[in-house]
């Protein structure tokens, strides 16, 4: 499905998401406030996005941006769902009740960014050892064991 | 320890035993060199080349080198791949489970020095020689099976210089000083913390 | 009589975990009552490293993700970069990418089928599969000089053109490969013991496969008819005629056998691509030395041997990615293991793990 | 007194035969495996690598002898010998030619069936003594499998005893006629399969399944103690094949004298090769399939064989 059709479909079904829909690099994205993220995901799942492809986060300084990539077999389309999370209190509702696929992915985000997913059944570190300190993919992560690469370019 | 230590001690005390000792050394070193059973400590990409090495085309069985999955039956640990901080205690433990005499081959740049994962990363151990006594280093990312073959031949040369007598062999692993370089960090305390053995029955082989 | 559950720690270095996975298993006799995969033993922090590399310097890192199928990670990353920077890839480069990636699919599936066989104890079948893999590796070696980490697909095209005579050697390979596959199909998948070991083991429900984000042959074995090459076509795939094999039972047998038929389909695609291959440039014109795409984020995915492999790139306008995230199919496929392995025996657990064909470089990144 | 001396001599000879057989067997297995897997196998020491064991044995002999800290030390140390002894003992009653066996007793066939199954005790002891869960699982698998396969193995030998009318192995050989071959075909195949299961070899090698249990019941044994286990395994292969060659295939038939011994060795080697061939070509069965195969296929097959022999017997 082309991205414009997808936008029309979203606008027809959920008018409040329509102004939040943006198209960038040929890909659709809906940026919602944090309170709306879980219900928006449920709405989009209702619409036909049956797969949660990816959960990740981006460190935007004052805030974290949490990014969900949704895929649909029936619509043959994919799109982003994004929300900003305050850095001081990073809490996001868990998507595990909608897609079990979120289970490990959210554990990974928790591990590497320290974002807490409320309602997650088993929120533990997944990639790093349990006693690891800090969350390495944050931009302010410091670790004296890292040797920075000399700047050749 | 094995009967070989008593034999070596006995020969050293006996007048003229030194001559016998060198003969026994020559026989033992020949046997050990020709029968190097490897433990495939394959962690990453290099493990693929390790597999290729023992399969049809390269066939290390020709040299008497076969991979055995049980560390208790092995002579050489081939560390093939990146070792991370989470993996390191397991590697160390499997090395400890191997019976003496044992050797280590660091296969690939990651096992030699961290390789491409030397800079910028927080979780990679920069070379297995931070916690294991490495005998042969193979460069390459990953090294070709021929390079591994060369390493086995180099290791034979090295074994030929060893002796069953304690006075002549290299120090045991337990005598080696552990790294204290602050940059290398608290390698072994992290190792102990990770050994959270859930069950008493899992103690012996972590395999 | 008092019975007690036995807790068994499998891995992280076990002959059947296909890498450095640790399984924490509780056993009631031989029956698995609980299994928890503990991953991260190969977590090398590639996503963090990419933040301090230029866009071109990240390509070698992607090689080390899925070390059984390096070309895929190269390609997925390059597609994301091309989307960000708006690069148009010449047609010949697209064809070459398709050819090498289908060859890579064969090489990777040989590993998957072979390790499925090795898990059931048929080591010799593994060697037969690996012999086919070696032929593909030879082609790659001729193409780019490396046996495993190719660094071949670059943003804007590919790094080298096909050497002289390569096309003929590739055709010779695709001519003999289906026969070799049918041979393996006969002596391994036709074997009564292998069928008894693989059939009905680790059944994955198609709805569960979708909900858990399982993709690739692992999902197609369950009958999920979803292949990005056909359903979200990228590159020049719409120009080829090929079938997507799907299984019906969702057990370990179907998952392994789907891989086998995919290899034969890959040969068809390679043959068509070689027919349509025209001379031309292999690298986009006018690429700057230092790519610095405009700020924004892009995601692109391809169908790798393990499923849909995606790369999410965030640019802040500087010559280095602000954030790179790899959507790893093996990671998502592995998450389903506790769901399908509980209730089977210990022997089956390892067969099921093998039938999901995880590669831990990609699971842990 | 002299009989005791003779007994010791025979014992030493038996152990040497088994050890020598194991050394050749390991080399032969590596060559067979290599041939099946499109590679060469050992090549460097001796012609076609046949002296490879000259390097392997001293190396294993002088390897560190590890006793795990949690292990039951006396049991751990004695288990390999307990595994080896029954195999060597079984060698004693094998009829190498018509009218000649090292120990010709009137219950030889029974002895041969009963004594090797004592190995299950050794395996359980070894598995228990290591305090290793892999070994424990392997040991329990071995116990269930070896006890179950006792039944078809014994039933498969029963027709021989019926036809010969004696439990004395030499008399079985003496009574052997060529038409026993087609008559006892089912019993022979069942005996071979059950023996493979008895000696824990592929496709029934669950107790030591490399891809599941790493090394199974000898997971924590190193050096020579492990080698003794391997020797016991190869010894079991050789004794079982020798027994089958001697009784089912008529020992030296069609020759006698020295040529007969050659014929026996050739038949045994062929059987040993078949055992290796199955191991390197077939996948491994699962525990429940293994036991079901025993009770649902093998036991009924031997019963059918017994019925056939029972019908033929009155006409003899």
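Annotations
The letters A, B, C and D name the chains in turn, as written, and every chain counts its residues from 1.
Just so we're on the same page, a residue touches a chain if its C-beta (ideal position, glycine included) is under 8 Å from a C-beta of that chain, and two chains touch if they have at least 3 such contacts.
Since we're looking at a predicted model, the values are computed, not measured.
Under the contact definition stated at the top, the chains bordering both chain A and chain C are B. Comparing chain pairs C-D and B-C by the number of C-beta pairs in contact, the larger count belongs to B-C. Among the remaining chains, the Cα-based centre furthest from that of chain A is the centre of D.
Centroids of chain C and chain D (each the mean of its C-alpha atoms) stand 43 Å apart. Chain A and chain D have Cα centroids separated by 61 Å.
Rounded to a whole number, the gap between the C-alpha centres of chain B and chain C is 31 angstrom. Each chain gets a centre from the mean of its Cα atoms; for chain B and chain D, those two points are 35 Å apart.
Residue positions 6-8, 14-15, 40, 43, 45, 48, 52-53, 127, 131 of chain C each touch two or more of the other chains.
Residue positions 128-129, 136, 148-149 of chain A each touch two or more of the other chains.
With touch defined as above, residues shared between interfaces to two or more other chains in chain D number as follows: 37-39, 133-134, 136, 210-211, 214.
The set of touching chain pairs reads A-B, A-C, B-C, B-D, C-D, using the touch definition from the header. The touching residues of chain B, when paired with chain C in their complex, are 40-45, 47-49, 51-52, 55-57, 69, 81-82, 84, 86-87, 90-91, 94, 116-117, 119-124, 141-142, 144, 197-199, 201-202, 206-207.
Touching chain B in their complex are the following residues of chain A: 128-131, 136, 141, 143-150. The residues of chain C lying in touch with chain B in their complex are 6-15, 19-20, 24, 40-46, 48-49, 51-53, 60-61, 64, 67-68, 111, 126-127, 130-131, 134, 137, 147-149, 360-361. By the touch rule above, chain C contacts chain A in their complex via residues 39-40, 43, 45, 47-48, 52-54, 83-84, 208, 210-213, 224, 226, 231-232, 290, 296-299, 301, 308, 310, 312, 314, 319, 322-323, 325, 327, 331-332, 334-335, 364-365.
Here chain C touches chain D in the complex through residues 6-8, 14-16, 27, 30, 117-125, 127-128, 131, 187-188, 191, 193-194, 196-197, 345-348, 350, going by the rule given at the top.
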